[in-house]
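Got some structures for you, see below.
Next come two complexes, and both contain subunit A; in the first it sits with subunit B, in the second with subunit C.
Now for the complex of A and B:
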């Protein structure tokens, strides 16, 4: 059954939903990356919560005009208008008052959401009927998705991708170094407006699929997931798009199998799974890699310190140091150096002596800057330089 | 002084403004109700290196940022060769304070230098081998070619400053504006940066830099602007960089400024 879902074998409607969610996830991942890099991730939360009063008012207006209150284009238009108003409020509060952006986001988010809930509650008591389904905008519901809805998602995703490709340079520059962007003639206000416009489009078309409460996850989780895998902004963008697309696809397919579960949360949980895997296992920035790297480094420090202690005939107190030296066959269980251990210790001491000469001499400044107590000096100096250094070791080193 | 002479003077300054790559007039910036800089007039001489010097909170960085439009001034005009600055953006390179950006940003050294060519590349122009070669040449001028593919967070402070300078070089501008280029960098980097700036000046370019080490001003710069919210004095170092003028700029803080150059940074 699950395999059928993933292979789009569950019928026309499920296929439509799955493909639509994949496109939405891709668009959200790509658009969200620039919010994340610009450190304005939470603005999207204010935008999405600010859609709710618009949805409710659009319903009321359409009913009052004698139309179908649930017509999706009308509802989304209302959502977009009130989200834009919410965004303007955040911008205005941040620029014109002493409130920080975090406080402005909190205020706008809660006020707009509260207003939206009141309007929806009033609508429930209206005598029009057919108001069922509006609450689907909270957590997303794909049950009644039509072909037209899927086409709308596809068109929006294409628009978002095209805009991001077109504006990738100013968007990256504004995120990395806004002052420089401004000074070299990119209008920061316009770049930010474009970024927010793209996010607004994703949020509004995503309402039906993931719902307004969780759309922020679809914007942010792919970007932070992608950040674990690369050190290049352009690649973060495309990896985030892929992560978002996979989350949407797999999440929608799973929820097609279990229709009782809401689609949005499942999509978000799939994205979270990818994030968790990246957090733990990505090379370089992942938790596991950091732990391993730290332990490897710690062992090298212990080995080096142990060898220097051996060379100078000092006792080794730390159990870890003794264990490491013993395992490497450099000391016997009673702490006495083996022949191999004596050679290694002498080598370590010679290295340290050479380093101390290099570090005292200004003409070796570049080489000296690479001293970390571990790097063998042969890696840094040429044979000729080494001979010059050795000539300055006045007395031969006595090794215990 | 006769009236005719005064008019002559006015004509001369007007001519100097028209020829100046950065002519600032009546510039005032305020954060809240207190002005950070007040009615600042500065006419930078073309083909010279100008230092902007003054105590903490004198508005040195603010002057640069407002002159380049990074922050919006309350009043005043800025012109390059008599033209409004917005028409001349392509001819201005800017090196912001190193601390102003997040160095954990996912980008490599070479990518930062290529950012200096974004204006030239436009929105969709492809980055070609010639662009990469040009970027590498800029890195070479600051001695950073070995670091081209490093993530920028792995660099030392001095290396980061060199990369910022390489990005400005990639712009191939006529005017180079630098905010505290020597703050918190090692001696080797300071030497390398000043060599590059002098070579720019010798090639006829104009350099303006906020500077905090009074001791090196006469060695490094041709002109100096002494700033403390207002311009105290401006002109060639030989005429302007005098004990009296410094006293007027720094007030009682001059001895501290001399004893510990770092304390004047900011």
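Now for the complex of A and C:
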């Protein structure tokens, strides 16, 4: 059953929804990256919560005009209008009053959401009897979606993705280097506006799939996940798109198997799983990689200090140092150096002596700045320089 | 409107609403000034999995375990956000967004997967609350306020919320000076020997206590709105911390009263029969107050 879902064997509508969710996830991942890099990730939370009154009012208006209150295009239009109003409120509160952006976001999201709930309770008392379904906008529900709605969803998701791809150059520029973007003639305010516009469209298209409470996760999680895998601007964007696409695809497919469960949480948890895997296992920034790097460093320090102690004839008591030296065949179990051990120790002492001369001499300042107690000096100086240094090592002197 | 029916049906919800609003608004002032306003948002989302897990463990909708579960989830979230922020070197807003959405999603799925059909526990209740249902059946009129037998029948949310309010107010009263100092000038506070780290954590924990207690009674919308809106509106009214806190408490109480009355009686005035969501209306009123303050408050402009 699950395999069927992942291979798109559950019928035409479910396939459309799954592909639409994948496209939406990609668009959200890419758009979210720009938002994340501009440090405005949570603005999308205000935008998404601000859609609720628009959805409710659109329903009321469509019923009042004698139409079907559940027509998806009308509901999404209402959502877009009130989301834009919410976004304007955030911008206005941030720019014109002393409130910070975080307070503006929180105020807008809670007040618009509260108003939306009031409108929903009004709808429940209307005698249309067909209000069921608006709750699906809270947490997403793709089960039993109409053919037309599924086509609308997949098509608009594809359009959003195309829009993001089209706008990627100015958005990338503004996200990574705002100063340079301005200097080359882009207006930051306009680029930001375009970014918010894209986020708004993603949010509105995602309402039915992910739901307004959790759509913020689809924008943030892929970007944060991608950040673990690369330091390069263009790659963050594409990796985030891929992570978002996989989350949308797998989540929507799984949700087709379990129609009773809301779709949004499933998609979000798939994305969170990818994030968790990246946090733990990504090379470079991941937890595992950091632990391994720390261990490797620790071993090098212990080896070096152990060899220096051997060279100076001091006994070694530290257990890890003894174990490391013994395993490398440099000391016997009783702590006495082997022939190789004596050679390695002499080499370490020579290295340290050369370093101490280099670090005392101003003319070697650049080389000396690379001293960390671990790097062999041969990696830093040329053979000629080493010979010059060696000439200055104090020769044994006869005590008179 | 002010008769026996009012005492039984409207007085307890209004009082609970006031307690919730003020208990959230008081710490909200400090969160706002510390640029941590969205902590309330995060806490109110992560409370859901905590409550669901507590329900699954105990198998009953009991208040004690649920409060513990919710508080545990809130504290776990704060810790996890911090861990992710440090390990991944990620900006705190994004780390928060990752954690609270994932925990909320997990809570929703747990809730939908488990059999809660015979108990009053669902996602919408968690979001919207049900302030209107907290009625006082034993009341027969204003005289019941002096009748111990009738008072015993008050909804349990009222004393619990009053206690939460007391805890919050007491915390702010005792730690007023250190809190103010570390909020406005953390470096100075540290120089004076204050331990600002534990103090900041204590503020978050006290906020979580208020949020969790309120969540149970009124749902998460009011909680988020009351953490931010009254304090934000009060910020536009004055430059002094003490007055700001007082203004915010006043705004919070006003939102609760006006919001509840509008929700309960407003539809009747315009000729409709049923009432609308009180939680949503209280949040809306607090937003209107904030809008008025942002348009006309004497200190609305940013200080240059």
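Annotations
Following the convention adopted for this analysis, the second predicted complex is superposed on the first by the 361 of 400 C-alpha atoms of A that agree within 3 Å, B and C clash if a C-alpha of one lies under 4 Å from a C-alpha of the other, contacts with A are read in each partner's own complex, and residues count from 1 in each chain.
Just so we're on the same page, contacts are C-beta pairs under 8 Å (C-beta built on N, C-alpha and C of every residue); 3 or more make two chains touch, one makes a residue touch a chain.
Owing to the predicted nature of the structure, the values given are computational and were not obtained by experimental measurement.
Of the two partner chains placed by the overlay, only subunit B lies in contact with A:365; subunit C stays clear of it. In the superposition on chain A, A:185 contacts subunit B only, with no contact to subunit C. In the superposition on chain A, A:167 contacts subunit B only, with no contact to subunit C. In the superposition on chain A, A:232 contacts subunit B only, with no contact to subunit C.
Once the two complexes are overlaid on the shared chain, A:175 sits against subunit B while remaining clear of subunit C. In the superposition on chain A, A:262 makes contact with subunit C only, not with subunit B. Annotation for subunit A, partner touching more residues between subunit B and subunit C: C. Contacts of A:327 after superposition: neither subunit B nor subunit C is touched. Residues 39, 227 of subunit A are contacted both by subunit B in one complex and by subunit C in the other. Residues 36, 39, 41-42, 45, 93, 96-100, 102-103, 105-107, 109-118, 120-122, 125, 135, 138-139, 213-214, 216-217, 220-221, 223-224, 227-228, 260-262, 264-266, 268-269, 272, 275, 279, 285, 287, 290 of subunit A are the ones touching subunit C in the complex. Those residues of subunit C that touch subunit A in the complex are listed here as 32, 35-38, 40-41, 45, 84, 87-91, 93-98, 101-102, 104-106, 108-109, 112-113, 123-124, 127-128, 221-222, 224-225, 227-229, 231-232, 235-236, 263, 267, 272-277, 279-284, 286-287, 290, 294, 299-303. Put simply, subunit B touches subunit A in their complex at residues 65, 68-70, 86, 89-90, 92-94, 96, 100-102, 105-108, 111-112, 115, 118-119, 121, 123-124, 151, 167, 171, 177, 188. Only residues 37, 39, 166-167, 169-170, 172-173, 175-177, 179-180, 182-186, 227, 230-233, 235-236, 365 of subunit A touch subunit B when the two sit together in their complex.
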